[in-house]
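Same chain, two partners: chain A is paired with chain B first, then with chain C.
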Partner chain A sequence: MTERSITFTLNGFKQTVRVPENLLLLDLLREDLGLTGTKRGCGVGECSACTVLVNGHPVASCIYPAVKVDGRTVMTVEGLARTQKDLHPLQTWFLKLGAVQCGFCIPGILLSAKALLDRNPSPTAEEVREAIAGNLCRCAGYQKIVEAVLAAADELRGESLPSRKETGGEGALGRSMLKLDGIPKVMGTAQFAADLKRPGMLFGAMVWSPYPHARIIAIDTDPALSAEGVAAVLTAKDIPGPNSYGTIVKDQSFLAAQKVRYVGDPVAVVIAKEENVARLAAEKVRVNYEVLPPLFDPREAMKPEASRIHDRGNILIHSKIRKGNIEEGFRQADVIVEKSFTTQTVEHAYMEPEAALAFWDGEMLVVHCCSQGPHYHRQEIARMVNLPVSKVRVIQATTGGGFGGKIDLSLQHFVALGTFVTGKPVKMVWTREESFRTSTKRHAFYLNYRVGATRQGRLTAAYAEIIGNTGAYASFGPAVITRSATMALGPYDCPNVHVDAYGIYTNTQISGAMRGFGAPQMSPCHEPIVDEIARQCGLSPVEMRRINILRPGSSTVTQQILTAGVGALETLEKIATEMK
Partner chain B sequence: MQWERYQVMASIKETLYQLEEKAGRARVVAGGTDLLVEIQESVAQGEPLTLLDISQIEEIRGITESKGHLFIGAATTISEIANSPLIRTKARALAQGARSLGSPQIRNVATIGGNVVNAQPAADTSIPLIALGAEAKIVSSEGESYVPVEDLFRGAGVSAIDPSREILAQFRVPISEAPARASAMERLARRKAFTLPTLSVAVWVEMDDEEHHFRQVRIVAAPVGPIPWRAKRAEQALKNAAITRANVSRAAAIAREDAHPRESLRGGADYRKDMVEILTRRAFVDGLSWLNKELYD
Partner chain C sequence: MKRIGRGIASIYFGMGNTAKPNPSSAYVELLEDGSCVVRCGAADLGQGSDTALCQIAAEALGLSPERVSIKSADTLVAPEAGVSSASRQTYVSGNAVRLAAEQIRELLLREAAEEMEAPREDLTMKSDLIFVKGSPSKNLRVRDLCQRLRARGMLTSGTGSFNPPTPEALNPETGAGIPYGAYSYATQMVEVEVDTETGEFEILRVVAAHDVGRAINPMAIEAQIEGGVIMGLGYATMEEMRWDGEGNLLTSNFGTYLIPTAMDSVPVRSIIVEEPEPTGPFGAKGTGEPPACPTAAALVNAIYDAVGVTIPSLPVTAEKVYRALKTKRLKGEK
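Showing the complex of A and B:
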């Protein structure tokens, strides 16, 4: 690769560095200069987590060649403040007003805001929104960010801030607290897993199944192993412990040995001295597959004659709810509404793609990783490498969003196995595409409802069939599906209920935990049905809900008698007042 | 795949020399916001590629007005176009299109030349440039020529300009105070910012001296096909027609009738077809309001 010497001003200091002409600015900053405050969220200029200022203008450094900054000035988040004592007003207001959550998007947003305030010291809220329109955030919500930018603008103009003072209270109660790890997050010093390094560290890259359903005939690792710089190619044969895992049902292989069940099923891990060497070598692993017919639609896969994705069949779970007498309930009904619905697969799209680093600390196998479940990860890793749990430490690195998608194992166990086999520290960072392709999703549902009520609007019977696509493996499927069944009627009281909820294996991405955990799919179903019954009974939507909403003394679909703490009616009344 | 060399060029002359010397193994890049992603994602293993970055060549940057034309350097960034008072007043549809392209981060780097050469059918600056009747100055070692922007599209993502041989250097947009002219662009998308359009329509109108009749108009809609699409029959219907609501509505309906958009993730074919009519009408109303001209009933 042709190299060139470039000179530029970085955060106020002149730098001269030699760079390959294909190096991107983000990699120059993160890898060569160690400024890891600038984040890689997508690598294609779509999320702007990598925003830096070049000559004062925000640019996406992940698609900006490093050689282009020759003779220019660059500012990264590390340039906003040298120490905790001299935080920029943007940083302090982001902290004070709770604009920082996971922190992964924050360095980029701070710089977009900085560029705005430099050219426009008194922006309107709309101008702030325009300035940060390129910066995606998934957790804190943009409103607090906009408020923080406006507050910082006020302070920079030397205006008093009476309306934005911290809310006070006695002692700790009722008082806004600064986020515990907020300061490193606004300074860009928080250590996400991709920011970690160890001397002598190797890198891992995955070999995935390109087929949704296939039998593995043979795996030839030799062409990859013989590539320069490759330390190991790990397959199922290298796993010392049992090759199965799963939080509820252990139906998933750490590395596929016999069968692959979705596009992205892990087959092998290549460990090499550099990331691109590992990635190129991964393309050289030859896997001989016997392609099997795939099943994508859970309604097809649940038929008895469907081919089997797992030996025990395609029905992961059938969750039943039976309350009262459904036939009797429909006999009492004057109005019956039937509706069918579908809901879609949803990706969590946390800003931080998966990353992990493993190493030996004496005889302790240590894994730093993004995680929502370090204890669960520890158990599975110990099982995989056949070590006592006490010899495995999983440390949650600063985690850039999860929303349920980082509860399952993603790559933690692969770096652990890499270190276990090679003895060296092993790091792996996934691309956005790899993250999308392999992470769990929200279950997509097919739903059929039949609900009856008296002419006065009192619900008498509710029947629901819920068919959830749980994908190739169980993950949290059984719990999500059961939760959906219990939430089938939302906050409404009905004496006679019959729910059949199915979690069905298909050859698609794994569905797992996601915010709401099976409940969000239900509300777009029961609410329009309640509205339709109200119409047919000549009731207002509010009155219809007032009649049927759960209150203390009500029996839920699972026949729990509610006692205290039932806020549904109060919520309804508040909404009704607001709507007037 | 990766590029082997990346050279930030200082002049057109030097760039042409390099292109000729590399004979097909070098290609021009400007902001690179599309191209660099495409190259990295492509699996094609060809000969080592040299990229010649023309985005810092002063002679093809900036916006000037002279002799009834706006001259826009091809390496002018989208942000500069969106914020230019000259463009905002004299080529308004172009400012409207530029403002909605990508994100601020992309607009600060992407160039108007790159947006056109990338040849996406609904590119936010191509659509208004065609409506405005802009021409592109193309230079190569054989010389230079002006080509209507409209003629630069060969297919989705396929430009008539060969980036291994030619450089799109400048745009020339005809402008005039009299007869009165106006332009406007309407863009429909799922979100207000940072998203590709479901449908865009740009219109340009020239009124007669009394300002009661259209002299001529141009209507460009996209994505309606693999290349930007002109509603020629609708344009014809407004030639020398009175500036009335009925005439504009009739033309918009003709545009709808002639448009055959396809189904994609961003919108259904029927929906897009309906939107051709609505956005065309809105663009006329918006464009004429700029001239303080309301549509008569």
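Showing the complex of A and C:
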């Protein structure tokens, strides 16, 4: 590739660099110039985490050729403020109004907002929303971000500043204290795992299963190993400890040895001196598979005659609730409502794709990574490489959202094994596509409900069948299904309850923990039932809930008698006021 | 014609793992100048646990929270605090931090009682001072007491550990038992405008009332509610992972897997309800997950309220509303 010398102004300073014609601006900034405040969220210009300003206009630097900035000015988040004492009003107001959570999307949003305010000092809320429409954020829901941009605009125009009412008294609680981790996030100095480097660092790339269900006959790593720059190709044979893990059931192989159970099941890891070398070599690993028929629908997979995805069978868990006498409850009912409902599989879509870096610190194996649970990750890594738990140190890097998707291991153990085998620091960063293809998901549910009540609207019986597609491995499936059983009816007191909740293995991607653990799937079924019973009893939705909602002294579906701290009715009454 | 409807949905959510031990631990150190360092394994992913844990330590020790720092989620220096899931860090790790800080508080108050010749139970800590309740002029500075203790060879540090009070596993046949130490509760309302011809709908606003026990940091709670509601609306209206017949993912990037953008966000009003939880740190419980739980349900009810049709599955799309309206019309004609 031919190289060109380009000269441009970066955050106020003139730069001359030689760049290959095909280099992208994001890589120039992050890799060559060390400005890691600009983030890579998708790599294909769809999320705008990589937004920088070129001649004042926001561009997606992940798809913008570096040579195009020749003769132009570029501003990154690092150009907004030199020190934390001279933050730009946008940065200040993002902190003050609570617009910053994980921080991964923030540099891009700040720059989109800056471009807007530079050309339009008095935007409306709608204009702010339009200006940041391409910047995806998964934590904040945009409202506080829009408020913060408007507040910064006010300050920049020198107009009266909106003040935020300090809630609470003199104590430390009830105070809207600013986030302790906020300043590095608005300055672009927060270190996410993809931003970390070590001298002599190698890169890892994955070899995934292309089949949803297959037996591994043989793995030939030689073509990849002989490629220039490849340090190692790791397979199950390289794992010193037991080749199994899982937070609740250890049914997942670190690297598949006998069988793959979904498209994306990890089979091997290529470690090489550069990321693209590792990725190209990964395509050269030859795996010989015997393809097996896949099962995608949990309602099929749970049938006794279905072929087995795991030796133990396809029913991962069956959680039961049996409270009171369900037949008697339906006999007492004047109104009975039946309903079937299905929910889809969804993705956490945290803005930061998975990343990790491992290295030896003396005899301590250190892993910096995105994580929702470093101690859990430490336990699994120590088991994998057969080290005492005390000789593994997992450090959570600044983590760009999780929502349940960064509890399980994703790549933390692969960089750890890479370092264990090669002795060198090993880094791995997943693309958005890799993240979507292999991270856990929210379970799809198939729901069948039958609920009875008296003419006065008092619930007498609730029956629920819950079938959750847990995918190829257990992950948090048993916990999601058990929790679903315990919360199947919603926050209502009903004397007779019968719930069967099943978690079923299939050959789809793994479903695990995601914000709500079953509740978001069930409420769109049980809440319309509550409304339908209300209609049949001539009650309003509020009146119906007022009769049945949990309060001190109520009995839950698990027959727990609640005593105190039950604010359900109060939340209902607040909304009832809103309905008037 | 366009019709406006309102729907409500209520949920409850148990804090911590279901009927399983999920302890957290924390170390708290009060330093020679009366400032404080917390160490706790809880991972902050942006939701704000670091800040909340510092506020809890500050409250227990009567310090300004600005004088508290935290090192979290590094396994060599911070003790185990489980994973950041199940809305458990404020409730479980918050209690661990509170207990660790209260060890120091007990030591300080015992020493102060001697120095001040006042009964221990009459003393309290606030604004970096220890004083006799009701007469704050009779006080000791926390930093001075720390230094005097140090001079006598006594350091002011504490450890705390908390496991939610879930006494035993649920009965495997009946599910009976106490699965959670505490519950959060919520009711949300969604207001929607539906086109009776096309099934297209626009969400006008969401009001979300959440019982959080005690609001440690109201702005952070609002941020959780707003973010959770918009995530709930993405779930309710647009998000869906799809695969082809061979198990290959078809929605593998943000061009094919749509999540809400700023143009999709709607006004969200948060209402914080505080019904103190006896087992929570200063009455608090978690608010991470509940905001995302009732929103889709409230939308389904709002659509019924507007146009009288039920939707059989998520996501709720204009096409599904249109089909339901058509079926309803055909039934009405018969």
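Operating definition for what follows: the second predicted complex is superposed on the first by the 569 of 580 C-alpha atoms of A that agree within 3 Å, B and C clash if a C-alpha of one lies under 4 Å from a C-alpha of the other, contacts with A are read in each partner's own complex, and residues count from 1 in each chain.
Everything that follows uses one rule, which is that contacts are C-beta pairs under 8 Å (C-beta built on N, C-alpha and C of every residue); 3 or more make two chains touch, one makes a residue touch a chain.
In this text, all values refer to a predicted model and were calculated from it rather than measured experimentally.
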{"item": "Three-chain arrangement built on chain A, chain B and chain C clash or fit", "value": "fit"}
{"item": "Contacts of A:Ala256 with chain B and chain C, given as first, second, both or neither", "value": "neither"}
{"item": "Which superposed partner A:Phe436 touches (first chain B, second chain C, both, neither)", "value": "second"}
{"item": "Which of chain B and chain C A:Val59 touches, first, second, both or neither", "value": "first"}
{"item": "Which of chain B and chain C A:Met1 touches, first, second, both or neither", "value": "first"}
{"item": "Which superposed partner A:Val44 touches (first chain B, second chain C, both, neither)", "value": "both"}
{"item": "Chain B or chain C, by number of chain A residues touched", "value": "C"}
{"item": "Touching partner for A:Ile381 - first (chain B), second (chain C), both, neither", "value": "neither"}
{"item": "Partner chain in contact with A:Ile317 - chain B first, chain C second, else both or neither", "value": "neither"}
{"item": "Touched partner set for A:Ala231, first chain B, second chain C, both or neither", "value": "neither"}
{"item": "Which of chain B and chain C A:Val67 touches, first, second, both or neither", "value": "first"}
{"item": "Superposition-derived angle with apex at the Cα centre of chain A and sides reaching chain B and chain C, degrees in steps of 10", "value": "120"}
{"item": "Superposition-derived minimum Cα distance between chain C and chain B (Å)", "value": "5"}
{"item": "On chain A, positions contacted by chain B and by chain C", "value": "44, 130, 133-135"}
{"item": "Of all residues in chain A, those that touch chain B in their complex", "value": "1-2, 21-22, 44-45, 48, 51, 54, 57-60, 63-65, 67-68, 70, 112, 130-131, 133-135"}
{"item": "In the complex, chain B residues that touch chain A", "value": "2-8, 32-33, 36-37, 41, 53, 55-56, 79, 102-106, 108-109, 192-194"}
